[in-house]
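Following are the structures in question.
After this come two complexes, each holding chain A, first together with chain B and then together with chain C.
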Partner chain A sequence: MAKELCLSGKNVTKIFGFGDKKTIAVNHVDFNFHVGEFVSIVGESGSGKTTLAKMLLGLIHESEGEISFLGKPRDIKGRKQKREYWKDIQAIFQDPFSSYNVFHKIDAVLLDCIKMRGGKNLPHDKKVEMMTEACSFVNLKFEELTNKYPFELSGGQMQRLMIARIFLLKPKILLADEPTSMIDACSRATILDMLQNLRNEIGMTIIFITHDIGLAYYISDTVYIMEKGNIVEYGPAEQVILHPSADYTKRLINDVPKIHEEWDLSTV
Partner chain B sequence: MKHILSQIFHTGKFTMGFCIFMGILLLMVFYPLINPGDPLKIVSIGTFARPGTYISLYDAVDSRLNTLKLDEAPANRLESVLKMEDRVKMVMWFEAVEIPIGHLNIHDTEALLALWEEHYDSTVRPEGMTKADRNYFQRLDESLNRVLVTKEKILATRDASTAELQEIRAIEDTDYVNLKNVANVKRLPLGTDNFGRDVLKELVAAIRTSLVIGLIAGTIATLIGLTLGLISGFIGGIVDDIIMFVTNIFTVIPAFVLLILISYSIGQDQRGPTTVAVVIGMTAWVWTARAVRSQVISLRNRDHVNLSKLSGHNLFLIIVTDILPYIASYVVMALILQISGAILAEAQLSMLGLGPKTTEVPTLGLMMNWSMLYTAHLNGYWWAYFPVLLTIALISFSLNLMNTGLDQVFNPTLRD
Partner chain C sequence: MGKVMLEVKDLKTKYITRFKEDVYAVDGVSLTIEEGKSLGIAGESGCGKSTLALSLMGYYFAPLHYMSGDIIIDGRNISSLDPDDIRKNVLGKEIAYIPQAAMNALNPTRRIIRFIEDVMKVHKPEMTRPEVYEMARKRFEILGLPEKVLNQFAVELSGGMKQRTVIAISTILSPKVLIADEPSSALDVTSQKMVIKMLRDLMEKGYIKSMIFITHELPLLYNVTDDIMVMYAGQIVERGASKEMVFDPIHPYSKGLMGSIIVPETGTREHELIAIPGTPPNLKKPPAGCRFAARCKFATPECRVYSMEMHEFGEGRSHRCRFSVEHLREVYANG
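And now, the complex of A and B:
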């Protein structure tokens, strides 16, 4: 099935620093993400995944290359254009504990989203209803959260609240940067379920960043493998993981502990 | 909020600094109520009256007399005339006229006086003794006689037309007046200064002016530093380059040199306390700007700031709600240090004669300046400068203690 292009990039590069301290975090990468796709970007830590994500979000400027959004070159130079762009693309960050402003209550976080969707002047009851709906989408109870601060929640709850935020915003694209790597294993599966629900129920494009290739195989349609700033391999998840062509991909796959194999304690 | 406050007051350092500072503030607020009036009023003719209680002699002789028979009175009287240096001089006289003094104990007043009565002769001219020395011994002898022979003293007024003395009252050595009955008693706990002003009153007024100067200068410096630091740290790029260029210029020229130059060029007449405070504030913001900038740089890439951007918040809102609250404790600490620094800067400027003009208000620095100019420190008039010095030290000490206490709470790495 031929799908519409949603977000694509050509020669996208990010270089930090100059001279001796120069780091090429993302090195001339090309990619095409389609509408409604569940894409995973997989790579070891330091391979430039977060940097790429921030460029996609427009939080940092690319040093080189061009990113297109919905088939047209992306223009987010002005403040207004950025705000419009962020109605279409949103993110969940890796560390829920540092993702919230500790001085703001949970209500403020959610009300902000309603405001961003143009619901500033809705009656209070309607706003509460929307927030309650968003919370129940992620199995949280708004009545228990109202007037609380995010830091009073557990890591898993915070990440779910982030998803509730996305549910309210309903962007076209969601960038989830290792959303499960800093929370307990129990919450992990629920979070992944909810991301899939976002895609299946709302038709969101999900760009999922992870260092866990097994996880990527389990949930995604398409996989991009990143090594030291380069995209070394990409394609449908099954093809990439069952028939990897790059050595780096093979190594990543071999590093995943296989449940059916004996644990080799000598290498731990 | 409550929790943080209780945590702050749990650090001994903050509490101690806070108590000292509050003590100074209470003194500043309440002393003028007890002792109202112009702090710059000249109360004593002549400079540097010693600290103590001054009783009006004029009123005392008119007060109701009581007779007290006190055995120790003659000895006390003698003691106040016969100081240690006089005793040493007496022994020197004995040695000059070659009178064997044997095992005379210099502290044995009776033996010393007996020997003196027996041998002193004002007509003797010991070799190598100057006229001044001989006069000194003569005066000493007279005052000893006055004390030892307790003759009554006659109080008289002079008749305006005949110029005759008319006796009012004879005063015995056993006559006493109750301090409460004396109409005029003046307590000068810290004496008077070179102009004859009440030092304590002046000091209290000076604390007020210096604190106001500190507050104005500290606030200005913190506001400038905070604004520049926030803008340059958060916006970055060319804005950052320009601000850092200006900041670096200010760093290269020491703030104090700049302060001296500006104060000097303003001129004595224009330099009120507020002007001085503004000048101090305008030259002291540099390190606050740098510190705030580096804090902001470490904050601006945090995810909560990114999330705020993604939520469509504008630059101003992000700075005010996502950056400022995170560095608020830091800014308070910087403000405290700036206040303390400004008070010290005023003192330094004034000691160079570049402080506020001298006629309107006292400041801690001006008081130091005056007492230095009148060489109080060389003449042992400690009350004119030591309390001022102590106050400056205490203010600075207490503010720094509070700062360290806050640091312990907000900067957990320093916690022990």
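And now, the complex of A and C:
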């Protein structure tokens, strides 16, 4: 694996409110994500995972600290710089049902991506070919989707279409915020497969945010565990999950139902 | 063999859409649960798990309609009672239901104790308010919920606490059957564990006699329920004891489901996830023959023509595949 730094942060902090109502959502965290790495950020609800994700995406500003992108401090002050930045970082969110504009057909969703990659003046045939390729990458058939609206699809299909978008855009970083928590266990396997394909074929850095520690173990190279805004433990997945050192990680693993070990219900 | 608490015989219900089309969401489900036992129902989204739960209560409202079949709770057939009778005498007392969105089930403008008073007003009108409060306090104490919750509003409680409160309220009359429809899917692992512990406590202390637990999280079912039933396209495809179902699934669909289990244990990273390709059939026009045939790796042309009934093969286990158990095991062993 290339050890080139892709996205890194130093002392990144986000504080909401002030005075008595001050909440430190993300508390001085440091992280280094490398190119082509599959990183998972794991934590309970309210541990600051999504706030961190929003800062990485540039949707909210960090209160303190600095995020570097490809070795240089990231500059997203202006609208133009932000647009440039978003060509390199894209996201898949938890709820596929609210990720689409209900008035836009699926063709429009995919054509937008081609436009963003600078393919606005390509001939129509070429565009269709690109869209077909993207859909077949996620096991969807473009002929069946064309002229349909997103709400005519199932949750799993919508999430796959999201991945097709990412395939067209080919960003450097993909941020997946609980992409599988709203779909059932069997479609989950398909989505995970596709994320891994993306990483293997395009060499994308994938930041995967989840509360399911089993999932993080299965899929990622590196795991970061977050508790109340702090990163309490990080390292290679095997080591963090199978030999946890922080108490919080131990508890988290203990709380997950397993199939080869007895699930201890007494420690609630 | 214990006393049978709930028996369902060939239950069929359907949805009627706005365009007067029929969707056969539960198509011939039979099941039995004995006293003190719990049954898990697994399956992917849209296979009819939640519809089955609603149908079991015998309380039908549009667009859900009853077609045929019997629901017998502790020797009493409730499928032919009228809705008013069911609401007064069956719901809550005989059968209780925890909805999927229990987090949003509580009216935010009322205190928790008011919901319990409402229940008691219908079922035990002779009880006074202090008596109801005393009873609720005792029950909450046994279940490990703080007394102050009774005087709080739903918005003051956390997600896991709300869920546990809903469970405590819906089981206040000690029902014979509790149907829990994905009670922990929206919670994180620690709150999930507390909810599961509470359901277990209820069973052990005898406040509920039997339980149906619906979820698509298989590791959870394995730890919670005695038996697991796998549902596909409105029908049961396999039933058996939890352990056997997880480690030795027979029906190709169950095999696929068990292949999607992910747990944080040694060896998980090495084994390959099995995804089932394709989508479930349209239940407006259920296919002839086996419903899983279109997605099944091992299907033959005959599978699409002949449908099978559930047949037993060993103690408490039954499945719906045309092929024999030996044949299927051999096929799985050869990949």
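Here is the rule we use: the second predicted complex is superposed on the first by the 258 of 268 C-alpha atoms of A that agree within 3 Å, B and C clash if a C-alpha of one lies under 4 Å from a C-alpha of the other, contacts with A are read in each partner's own complex, and residues count from 1 in each chain.
In this text, contacts are C-beta pairs under 8 Å (C-beta built on N, C-alpha and C of every residue); 3 or more make two chains touch, one makes a residue touch a chain.
Here the structure is a predicted model, which means the values were calculated and not measured.
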Superposed partners chain B and chain C on chain A - clash or fit: fit
Given the touch rule stated above, what does A:Ile206 touch, chain B (first), chain C (second), both, or neither? neither
Check whether A:Ile241 is in contact with chain B, with chain C, with both or with neither, and answer first, second, both or neither. second
Regarding the shared-chain residue A:Leu7, is it in contact with chain B (first), chain C (second), both, or neither? neither
Which of the two, chain B or chain C, is in touch with more residues of chain A? C
Thinking of the overlay built on chain A, is A:Arg251 touched by chain B (first), by chain C (second), by both, or by neither? second
Which superposed partner A:Val232 touches (first chain B, second chain C, both, neither): neither
Which partner does A:Met116 reach: the first (chain B), the second (chain C), both, or neither? first
Minimum Cα separation between chain B and chain C after superposition, in Å, equals 11
Same chain A residues contacting chain B and chain C, which ones? none
Chain B touches which residues of chain A in the complex? 54, 57, 59, 79, 82-83, 86-87, 90-91, 93-95, 98-104, 112-113, 116
Provide the residue numbers of chain C that touch chain A in the complex, in ascending order. 44-46, 159, 187-190, 192-194, 196-197, 200, 216-220, 222-224, 246, 256-257, 259-266, 268-269, 273-277, 279
Per the touch rule above, chain B residues touching chain A in the complex are 302-304, 306-315, 321-322, 325
Going by the contact rule set out above, which residues of chain A touch chain C in the complex? 44-45, 139, 154-157, 183-190, 192-193, 211-218, 237-238, 241-242, 251-253, 255-261, 263, 265, 268
